[in-house]
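Next, two complexes with subunit A in common: one pairs it with subunit B, the other with subunit C.
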Partner chain A sequence: MMDRELKNLEFQSRIDRDEKIEAKDWMPEEYRKTLIRQIGQHAHSEIVGMLPEGNWITRAPSLRRKAILLSKVQDEAGHGLYLYSAAETLGIERDTMIEELHSGKAKYSSIFNYPTISWADMGAIGWLVDGAAIVNQVALCRTSYGPYSRSMVKICKEESFHQRQGFEIMLQLCKGSSEQKAMAQDALNRWWWPSLMMFGPSDKDSPNTAQSMAWRVKRFTNDELRQKFVDMTVPQAEILGITIPDEKLKWNDEKGQYDFGEINWEEFYSVVKGNGPCNKQRIHARKKAHEEGQWVRDAALAHAEKRSKKIA
Partner chain B sequence: MSLKNYTLFLADTSLILGQRLGEWCGHGPVLEQDIALTNIALDYVGRARLLYQYVSELDANGKSEDNYAMMREEREFKNLLLVEHPNIDFGFTVARQFLIDAFFVPYLEELSKSKNERLSHIADKALKESQYHLRWSSEWMIRLGDGTEESHKRIQSAVNSLWEFSGELFSPVPYEKEMLLEGIAPDVENILTRWNQSVNSVFSEATIIKPKDSWFQKGGKEGVHTEHLGYILSDMQYLQRTYPGQDW
Partner chain C sequence: MKNWPLYEVFIRSKNGLDHKHVGSLHASDPQMAIENARDVYSRRMEGVSIWVVESIHITASDPKETSAFFEPAEDKVYRHPTFYNLPDELEHM
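Then we have the complex of A and B:
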């Protein structure tokens, strides 16, 4: 008991000195669990996130856009790989995490449960969803767990390219015909609120925040990050000349930041629970790919065994 | 005209294969292979762009690469039939890729010696990619062929089905013959020998039985396609056709 308490104290003082915790270091079980949950959720979000954008690869309007979109979605697969590896350093297997995703035990970002129904959605996702992800992830570059923090540094570099390409798609549409501009506005209307929801519940309803902040897994609260995102994005919408769908959005001179309307938390919790427009399709697509890939993975394994026997 | 048609044949073959491979993105059998398939797709889309840009210079009419990709119809596309074949499953995709990679490696090697500097330059760049693709597809042919009973059955049946599309690689059409005479296009007779060597050696290691040559489908190079191409184009060209003349 004494020993455990001492270890906990020592652990917390390492955190407070801003030391990175590494895979082989002692850590409280709860810290390990929190990280496995968070990194797993993050990895799954990358993988499920490939689907809404993958939906437009064959229909991209130009060869340049097709190439950019392919490489963007491929980057997401790469991010998934880094993150699964980071989680594996904590003693969980990728296969187990994938099973948890398929069974619904593990979550992924709810934003990917919304459908991509026009080309402008590729712009809106890059601009808003990746924009929100960057705000989250820049903060995570300084997270206390070493392998997670290092993968975030790598990922952030690519995400800022993703965000720029999304904004560029929007800019091109907004400079284009009235039909193209309407497409861009419609995408903003549909993606704005779900993007704000990406930061998670309001601080007052986020029970895990305090502990995560103390462990420096999180460095800012959900509401702080959401505010940062709004302040960053509003001027960008002004450049595009499209309107954010929030009547309460207004610059507050006193606070030096924007005030904005209340998020529809009912929708947020409903989508988290599985009742979003594409929850079933997304998991179905992931399971289908995994199940249809079973014989391929089996073959690779069988062949590797045969080969190693031959060498032996 | 022959040079333009020949370049379009190379460009269309690259684009349609890139398009097919792009369908895999997000649906691969395992994350690492999802990434590999997308990589190959990207190489082919990149190749198509360079080739269409060259066609546009030859035409000197101010048309962009997208004009060729997005605004031509089925009968104008000159791609090989093999590359428009649906992905079906990972085995079909690997077999299609292997048959084409085993062709492109020697073909691009020869094309890089072409009298046409532009094509020679593009071939040089593409060759490095195709060498990597061939290594990838050969390894998978062997893993699947010499893996489990099921994988063996699947890859053998993919090879059996795709075989009738392999003859088109080696049946030159008039514009190719003209390009050969001008020292621009490679002689496919020589490519066939090297293709057979790759195929025989990989099939043997993979325990895949080489189908007997009987009858081969052809027509793609002259714009007579399978029924699949129309669907590929209506999907790929949808935005440009719905909103013509706009920038994206």
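Then we have the complex of A and C:
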């Protein structure tokens, strides 16, 4: 048997024993690449995810809401940084990842390519988008790569307020005037399907899932997580008294879960490919922030060099 | 962050406890590393003290040598109190 095959077998048996893999441990190149791609995408999603909500910070309806939204967006920056650091332990540089985001080589969650056109969208994003992210991330707390798993644990701890504040916004709107309730319903109508798309392609169209599951990078399939999200969220919509925009949504007593309609996969792939309503705008905003921040990075470095000369 | 070194961050959650590794970040100098560590790793009062150290200054044991390296402790069960057979009447020892 080849040395590499032996190493692969030994690696797989460590995974099967539920051992965590740490940064300096031997790992198959494909495992490393898969993780770099997945953690990178996840980090980029946190960073790009600041933009749709940043849009509403100056227009939040009260000081309380503004402080909460600021704090949430700041958390997202922090979460992006935890994840970039986790990816860097695998040997990729931060700069490379940022270049890949800007050039379009690296992807981020397509949900952030939808516009936030009303205040109710802040509620819907917290409730649905963060809700879906939490379902995904809770599962990833048990991922096999140590640094990724530790980031997920921290992120999950911090993120539960994100969903609760969103639900609270929705609840307040739903208890308000008929116009306010209509705003909440409209936001649900626009965010429901894109939220379901956050779990990725259906299992039958997700060729990498089997390997990721075997490596325990992923602990559940896309469809399993999506189902979990639907089952959790339907009763929450009932509390709000608004209607999920899916005529096929129905409790299935036999299966003990909800049946729901088919996702518009054409839309999904089109947004992934860059043709969503805000893809260009999002990347433009990221690049602009990066370029306009160049002088700050340069100045910080010049300052550090000057100080270290003084000390020496 | 070209040329911005990587720092490892350690936080003491309260006096009386050890500093514990929480993650890493890039900064142009140690002072910035401390300030960024506060914002990135202690937004919810996770700490009362922060240490940062440039990652390149950490020397680590080699994971390939783990079993050989830690082997000397493996067969010395007599270092643990439960190794000793003592009468039940003997309490609190």
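Just so it is clear, the second predicted complex is superposed on the first by the 311 of 312 C-alpha atoms of A that agree within 3 Å, B and C clash if a C-alpha of one lies under 4 Å from a C-alpha of the other, contacts with A are read in each partner's own complex, and residues count from 1 in each chain.
Please note the rule applied: contacts are C-beta pairs under 8 Å (C-beta built on N, C-alpha and C of every residue); 3 or more make two chains touch, one makes a residue touch a chain.
If you're wondering where the values come from, they're calculated on a predicted model, not measured in any experiment.
Once chain A of one complex is fitted onto chain A of the other, the partner contacts of A:L81 extend to both subunit B and subunit C. In the superposed model, A:A300 makes contact with both subunit B and subunit C.
Residue contacts after overlaying the shared chain place A:D205 against neither subunit B nor subunit C. With both complexes superposed, B is the one of subunit B and subunit C in contact with more subunit A residues. By the touch criterion defined above, A:P61 lies against subunit B but remains apart from subunit C after alignment on the C-alpha atoms of chain A.
By the touch criterion defined above, A:A289 reaches subunit B but does not reach subunit C.
In the superposition on chain A, A:D95 makes contact with subunit C only, not with subunit B.
In the superposed model, A:D25 lies in contact with subunit C only, and not with subunit B. Residues 71, 74, 78, 81, 297, 300-301, 303 of subunit A contact both subunit B in one complex and subunit C in the other.
Every residue of subunit A that touches subunit C in the complex is listed here, in rising order: 22, 24-26, 71, 74-75, 78, 81-82, 85, 88, 94-95, 150-151, 154, 158, 297, 300-301, 303-304, 307-308. If you check the complex, the residues on subunit B that touch subunit A are 15, 18-19, 22-23, 25-35, 38-39, 41-42, 45-46, 48-49, 52, 65-66, 69-70, 89-91, 142-144, 146-148, 150-151, 154, 235-236, 238-240, 243, 246-248. Across the interface of their complex, subunit B is touched by residues 47, 50-51, 54, 57-67, 70-71, 73-74, 77-78, 80-81, 84, 119, 169, 172-173, 175-177, 179-180, 285, 288-290, 292-303, 306 of subunit A.
On the side of subunit C, the complex with subunit A involves touching residues 1-4, 6, 23-26, 28-29, 32, 39-41, 43-44, 60, 62-64.
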